[in-house]
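Heads up, the next two complexes both have chain A, just with different partners, chain B and then chain C.
Our next item is the complex of A and B:
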């Protein structure tokens, strides 16, 4: 069920009606029912995957919780008779049992994800190697990717690890855990919520709050605007360039970099606006996933502001555990002896960074494009880390770092760098991507673009003017957001301003949204992840 | 505490660790800094800070970090 379909709008309205009509204690159950219906609509057979993950996670977490309680009770009851050493040994033995449970559950659920998402990628690579040695090939598996599997698997993983880390107790009610895992607005493309955050409002009783519903609706409309007016129009030019590599090289690839960055931003942030806006209409607060990422001055800052919930997930559950593990701490000590203090200190961090970015790449998709994309991000981060002393020395000699022009340069540099790396999302394989990117330097052909080439990308003059105006509007809203919520600012202007914004957005989406043949309202890009 | 302050001074000499209580929330420490601190603390205090203790409140000030280290040493 597409977010941008009439069916989905009707589905949300009906759920809202039920949600606020029934007694409040039933609200979370209505959301669970709606989430199950929404999920089943993607294929009733897919329910087996998500329900298996819910069940195994529930059982493992409950058992871990029991072991934690048992440890606490035993230690407090026997505090007097046990020596400090005996207490430590008992705690360690119990922790080991908990770890075994956690790891088994994680391996099982990651295994499901791996088999479904990565089997054909592995088979493809094996076949290519077999082909080199003239051996037989293996047939591909015919498995459809269940909706949101990467998102809900990661969400349940973080839940289980946090129970193991005693950050919060396990959820006693399996149906509530099922809602946390399958909450319909977030299942398609996140944000990847943490139990301790989402559970604060997900299961609560919510009064019908006109202001919250209005704010939520405004955000949903803004999301639709970005998706339907910008992303779904921009995609036409993007696809024309990608699918006709013989005709569109050089400056067109550069143009693709820029257009795809704008499309992805409008598509992904638009989708997240719809998600968070719908949740707000139900009185549920979700974590923000973006913080004006295209205003970042470095790639590390960019990754703190883009897809925030994914970045923090990888940091908390992969980067830190690897970086501070005993083998890494040992390696750090040895590396300092071998390579000197400065490089030795950084080596374990860099190793953990490489693993994290490899995982981030492969999480995005089963293809070499995403792996190379992840590793290129990693390379840029490590290079900028190594160059930090050089930058600092440069800024001491040339103190322009705080000028507006220099900041603008940094923002533009980061945008172009991220856009360049992102071209790997576009072409069908890594070789073709590098070949096409190379044509920017060998076959610029500005003349071709100016002499009518721009007119062949599938967009009319009206489309281009509309896109420029819409992107400018998004830019201005981002600028306004720096000093606080835009919706609050509109509210302060009075009811006429609120009504005018609603009307403009609604009419803008209806008139300027990209629909119809060739303008097919597309799936969100992050659906495929 | 002095050993810890020395480690932190090496990392960001410009910061006044006696008064600053927003080392993470104020974006002074990034993840690279935190891992470096953990490795140095491991060396200097022979104590391992586990991943689950890497939360803002434990790293937002030198005092909070020192409290974490002494707690972990006591647990050992």
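Our next item is the complex of A and C:
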């Protein structure tokens, strides 16, 4: 069920109607039912995967919770009889059991994800190697990717790890855990919610709050605007360039970098706006996933502001655990001996960074493009980290760092750098990507673009003007957001201003949205992850 | 109370704006693809009382002239035709029309039997967008939609035509709320001449049997006519192609016999009608031009008159004024089109 389909809009309206019509104690059950219906619509068989993950996570978390309780009870009951050492030994033994449970469950659920998402990628690589040695090939598996598997697997993993870390107790009701895992607005493309955040409002009783519903609706509309007016119009030009490599090289690849960055931003943030807006209409608060990322002045800052919930997930559950793991601490100790204090200290961090970015890349998709994309991000981050002393020295000699122009330069530099790395999303393989990127330097051809080439990308002059205006509007809204919520600002202008903005946005989407006959129904880009 | 009034005003403003935008963006079909406006024109008829109602595809709205039927026999008639009209659309248009009037004769052109599945979104639109909203239209839309079409876009055509924002012309602004008619009681006049140069052979078909669904809707039309006391008449217009197969004709003859319905295949009597395919068609035989349509209508009018003894309304003051105006407009348009044709011919020489 596409977010941008009439069916989905009807589905949300009906769910809202039921949600606020029934007694409040049934609200979360209605959401669970709606989420199951939504999920089953993608294929009734897919329910098996998500329900298996829910069940195994529930069983493991409950058991871990029991072991934690038992430890506490035992220790408190036998505090007098046991020595400190004995208490420590008992705790360690119990922790080991918990770890075993957690790891088994994680391996099982990650195994499902790995088999479904990465089998064919692995087979493809094995076949390529086999081909080099003229050996036989393995047949590809015919498995469809269940909707949102990467998102819900990560979400349940964080839930289980947090239970293990005793950050929160396990959820006693399996149906409530099922809702946390499958909550329909977020299942497709996140945000990747944490149980301790989402559970605060997900299961609560919510009164019908006109202001919250209106705010949610406004956010949904803003999401639709970005998705339908910008992303789904921009994708026409993007696909024209990607699918016709013989005709579009040089400056077109540079143009692709820019256009794809804008498209991805409009598409992904638009989808998240719809998700968070819908949740808000149900009275549920979700974590923000973006914080004006294109205003970032460095790639590190960019990744703190782009897909925030994914970034923090990788940081909390991969980067930090690896960084502070025993082998890494040992490595750090040895490295300091061999390479000196400064480099020795950084080495485990860099190793953890490489692993994290490799995982980030492969999480995005089973292809070398994404792996290289992740590692390139990692490389840029590490280089900028290594050059930090150099930058600092430069800024001491040339104190322009705080000027508006320098900040604008930093923003532009970060945007172009991120856009350049993202081209790996576009072309079908790494070799072709680098070949096409190379043409920027060998086959610029600005003349070709100016002498009518721009007119062959599938967009009319009216489309281009509309896109420029829409992107400018998004930019202006982003500027306004720096000093607080735009919706609150509009609200302060009075009901007629709210009405006018609402109506203009609604009519604007209806007229200028790239939907319906003549436009392909475009799935959100992040749905594939 | 004040709040309710404010919300009411806002809602009215919103609905007004949406309606206005929708009216602006919907295609007007006034200077091009005139077929698109024909279904809606019916509702503008001042006097919805007709002896004969034609409903079908282009083979009725291009080949039969209600003005000739009026002038020669005093028969009042209307054509609710649309391009590539599917048989279930014909049925629902009949049902729709019978809400306004009950004619004595209902004429259906049997070429509509050839399609057992929806064919094209754009033709669907031309047949359905013009219908007034009712359960009949809803059923017609449901029966006609292509797999990728959405019912809601028929309910709110803005959802279908929104992308026209960058192709609006002066015509869209001119006809935003104003309506006028481009046909003569549903007859779309053409005065060009493009003779038939060869008669194509029909390609061999795997199956000549009309679809079950076509028979189902034909039965429904006949049943509806019988229920309302209307006489159904089946015709096959004398268009050279799309090819009308003998096997198809045999099925229609058989159906007409079984149901005691008059069926006339005008292809068989084209010579008797006096149709000259070198002068009476404007597109090498697909459709007749105004000269051919007048000949065919005169011939068919006589059959209707003799077979069903329809009342001659020419002396009836209720009809006289209305039909005189229609006739005047018809001949003015005919003269205009002929003048254009002659000017083009001269320019060509």
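Everything that follows uses one rule, which is that the second predicted complex is superposed on the first by the 526 of 529 C-alpha atoms of A that agree within 3 Å, B and C clash if a C-alpha of one lies under 4 Å from a C-alpha of the other, contacts with A are read in each partner's own complex, and residues count from 1 in each chain.
Note that a contact is a pair of C-beta atoms (placed from the backbone, for glycine too) under 8 Å apart; a residue touches a chain by one contact, two chains touch by 3 or more.
Given the structure is predicted, the values throughout are model-derived calculations rather than measurements.
Participant: Where does A:333 make contact in the superposed view: on chain B (first), on chain C (second), on both, or on neither?
Facilitator: It touches chain B, and chain C stays clear.
Participant: With the two complexes superposed on chain A, say which partner A:293 touches: chain B (first), chain C (second), both, or neither.
Facilitator: So A:293 meets neither chain B nor chain C here.
Participant: By the touch definition at the top of the document, which applies to A:495: first (chain B), second (chain C), both, or neither?
Facilitator: second
Participant: Considering only touches as defined above, state whether A:513 meets chain B (first), chain C (second), both or neither.
Facilitator: Only chain C is touched by A:513; chain B is not.
Participant: Give one of first, second, both or neither to describe whether A:6 is in contact with chain B, with chain C, with both, or with none.
Facilitator: second
Participant: Report for A:463: first if it touches chain B alone, second if chain C alone, otherwise both or neither.
Facilitator: Touch status of A:463: second partner only.
Participant: For A:323, using the defined touch cut-off, is the partner it touches chain B, chain C, both, or neither? Pick first, second, both or neither.
Facilitator: first
Participant: Which residues of chain C touch chain A in the complex?
Facilitator: Going through chain C, the ones touching chain A are 6, 10, 13-14, 17-18, 21, 25, 121, 148-150, 152-153, 158-160, 162-163, 165-166.
Participant: Along chain A, where are the residues that touch chain B in the complex?
Facilitator: Going by the criterion above, the answer is residues 165-167, 300, 315-316, 319-321, 323-324, 326, 329, 332-333, 345-346, 348-349, 352, 385.
Participant: Give the list of chain A residues in touch with chain C in this complex.
Facilitator: Touching chain C from chain A are residues 6, 460, 462-463, 466, 495-496, 499, 503, 506-507, 510-519.
Participant: Where on chain B does chain A make contact in their complex?
Facilitator: 30-32, 34-36, 38-39, 42-43, 48-52, 54
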